[in-house]
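Shared chain: chain A. Partners: chain B in the first complex, chain C in the second.
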Partner chain A sequence: MTTCGYIIMNLKDSKNIVLACIVEITDDEIKPTDEMSLIGKDATLDSMKLVELCLALEDKAADLKFEFDWTSETAMSKSRSLFRTVSSLAEEFHVQSQNAQ
Partner chain B sequence: MSLIEKLTQKWENSDDPFLIHPSGKLSFTEVSQQEPVDLSSIRKGDVVVLIGDFDPASILTLLRLIDLGVILVPLTVETADDHEYFFESALVDVIIEGRTVRRREHGQTHPMIEELRNRGNAGLVLFSTGTTGRPKAILHDFSYFLKRFDTPRPTLRTINFLLFDHIGGINTLLHTLFNRGVVVAPADRSVEAILSSCEEHQVEVLPTTPTFLRMMLMSGLIPDKVPPSLGIITYGTERMDQPTLDQLCELLPDVDFRQTFGMSELGIVRVKSESRNSLFMKIGGEGVETQVVGEVLQIRSTNRMLGYLNAPSPFDEEGWYDTKDVVEEIGGFYKVVGRTSEVINVGGLKFMASEVERVALLYRGVSLVKVYGKNNPITGQHAEIIVQPSNSKNFDKIAFKKHLSDHLQSHMIPRKIMIEEVEIGHRHKRS
Partner chain C sequence: MIIVTGASRGLGRSVAERLIESGEEVLGISRDTKSLPFEAVAGDVADHNTLKSIAQKLRKEKRVLEGVVNAAGIASMNLAVTTPPSMTQKLIQTNLVGTIHCCQVFAPLMIRRKKGSIINFSTIAVALGLKGESIYAASKAGVEGFSRAFAREMADFNIRVNCVAPGPIRTDLLKGVSEEQIETIVSQQVLPKVFEPGDVSDLCQFLLGPSSASLSGQVLHVGGA
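Right, the complex of A and B next:
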């Protein structure tokens, strides 16, 4: 749904975006789940792929008319919780989209 | 013998021009016949601003001020907004603009200015054009600078923008006057204007920047519009890339390509390219030494500046200057591969932005690129690239991405590709 140029996005939409981005950057080699770990010993993506995932989310956010911040000092200070799982990243993506409106 | 007497002798009975500019020609006789400005209130050792350009009146005043033994600060009207800052930074005593001479009271002293006065030598103050912080006031002992003109050297017909407030401009003017050469000032900086000036005035040497040469390649004007008189093209002030140099060498087989290198802080250094298609160069000249510390080039020169008047000295205790240029060395020849600030560190793996740019430029249809490191909380940094294709409508981003993946190590691959115009004219920086 679009209003005033912004797309209203709920948490589920946000998760779907993150999942779709993972599929895209891994050329469909990974079937991601909500609780898939993004950092730590169980991480499915390597660090460069995680960077690519964030950059893909940056592009999606731009399409949705907001800025996804994952590189500022504020973002860096919460990076451990931010990148824990697909869900935590999707939640941050959602929160930032809401804050932008 | 004074500078003016020496030059008068050299140009005796000659009305040949030493400067050809868009609105005419200028001979030394015209300069020496100008009505002199009243400099009677100026004393040896005064810090004197001369606001001017390479017109007969300013050139005459400039030469007379050097003969008077002042500490000269050449400025142009273009920097008028910064003049007050320049006056304060250089502790200026006198300001000359046109025929007006006015004294400026400040009651300050500076140990380096005092040292120069004790030596009894003329001085030269130039302002750095660095991209960070405010310009620094660079103080040189003018006598070292002038000594090099005692040795006659051959001159070639050169094109030059002759910046009045720049070490290169002053150097070219004095070199041309002392050696009875001719310098051509072009109407504007476009590739077309420069090449047509070269043709019209049978220019032999064209000093450029790599950016200008890339624009020249893109213009489609070479080789057809390059006149046969042009024997040497020099390039400097930014890093050159091998693919551009290779293309130029192929298109212009009779032109000698030479790299230049220098900075106002060090005075003039002599540079010799290993060969016309090589980016390796020997850096030397009288009293110039080089060393490499941790891949970074350091230079020590007896002709260096005395120091900055408004900033801490950039020289270490032994007099070495850190150029911040990362170099490769083979048998005494150096190749600049980037600036220390252009090192990108991805998860502890370091590489130069220039290496990625070199590979990107090999892709057909890419005109300009800029690679930079962007900080991130995962790998510390990753590379991003701005690409300016020659035709953005036909540019295949996916194929370009594959080209990068095929030719670069994984950590060096730019993770973000932006198709847009690359800023030119100075180093593009992002933090």
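Right, the complex of A and C next:
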């Protein structure tokens, strides 16, 4: 569904986009889950893949007519990073898509 | 396309003009873009949001970024004890934080292509520990440290990061430095002479091009230190 050029997306859609991007950048080698860690000692992706994930989400956001800003003060300085888990990243992606509308 | 910061004058201007002469597409970034004879946008490197807007625009326009020359910088020749805190802040913000901002914001445009070269500007004052340049040298020592580590972070993406560290070069930055001081500095270089902006442009051109494919994380001193 679209309105004013923006594609309306719910949190589940966002999560699916993040999961699909992880599968894509890891050539299907990782089966991501909602609670999979993206940073820290239990991180499944290395730092290089994490950057690739952010760029992939930037591209998806552009397709959906909004800017995904993974470097903003707001996104990065939360007491719990947006990169904590797949879910937290999906939540941020969703919030930014809503804010753009 | 190659981004050159500090493109309105001095070494940035010289590098930008050289690249254009060589057929490169250049986007200059500087606080003052009036009457610049090449594509340029106004922006202060200390302002992260402005740089981010420039990067977003480039991405939307699908411009291909091949390199970044971070030449924007300011100098202040004073003893540390006679330097006002505001100048200390300004030196660190422009020289160090500005360089970091540009690298953070523009590197992702090259990461997508897994190819690129970044040149950050340091100074011979770091290697020689020049009297009267302690805070300026501190800001540039930060640039060198950042560049060496950033080079490792970018290596996985086939992006090279190097520093060019000139000695005294005939630009506006040298105004206010006496001939005696210049001579004192130059005499400590391996090649004891005042080099020209063109010499720095030569080195930048080399570092941006394929001939320097084996170099990353290096600090190259114009004149030798």
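In this section, the second predicted complex is superposed on the first by the 99 of 101 C-alpha atoms of A that agree within 3 Å, B and C clash if a C-alpha of one lies under 4 Å from a C-alpha of the other, contacts with A are read in each partner's own complex, and residues count from 1 in each chain.
Everything below uses one rule, namely that contacts are C-beta pairs under 8 Å (C-beta built on N, C-alpha and C of every residue); 3 or more make two chains touch, one makes a residue touch a chain.
Just so you know, these numbers come straight off a predicted model, no measurement behind them.
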So, after the overlay on chain A, do chain B and chain C clash or fit? They clash
- Query: Looking at the overlay, does A:Leu50 come into contact with chain B only (first), chain C only (second), both, or neither?
  - Reply: first
Discussion item. By the touch definition at the top of the document, which applies to A:Val86: first (chain B), second (chain C), both, or neither?
Written reply: neither
- Which of the two partners, first being chain B and second being chain C, lies in contact with A:Ile22: first, second, both, or neither? neither
Partner touching more residues of chain A, chain B vs chain C, is chain B
Report task. Mind working out whether A:Met36 is in touch with chain B, chain C, both or neither, as first, second, both or neither? Result -> neither
Of the two partner chains, chain B (first) and chain C (second), which one does A:Glu67 touch, if any: first, second, both, or neither? second
Clash list for chain B against chain C, restricted to 44-52, 116-124, 170-178 or 404-412, contains only 404-412
Dual-contact residues of chain A (chain B, chain C) 47-48, 51-52, 54-55, 58, 71
Listed in rising order, the residues of chain A that touch chain B in the complex are 39, 47-48, 50-52, 54-55, 58, 70-71, 75-76, 79, 82-83
In their shared complex, chain A is touched by residues of chain B numbered 346-347, 374-379, 382, 410-411, 415-416
Listed in rising order, the residues of chain C that touch chain A in the complex are 52, 56, 59-60, 104-105, 108, 111-112, 153, 156-157
Within the complex, chain C is touched by chain A residues 47-48, 51-52, 54-55, 58, 62, 67, 69, 71
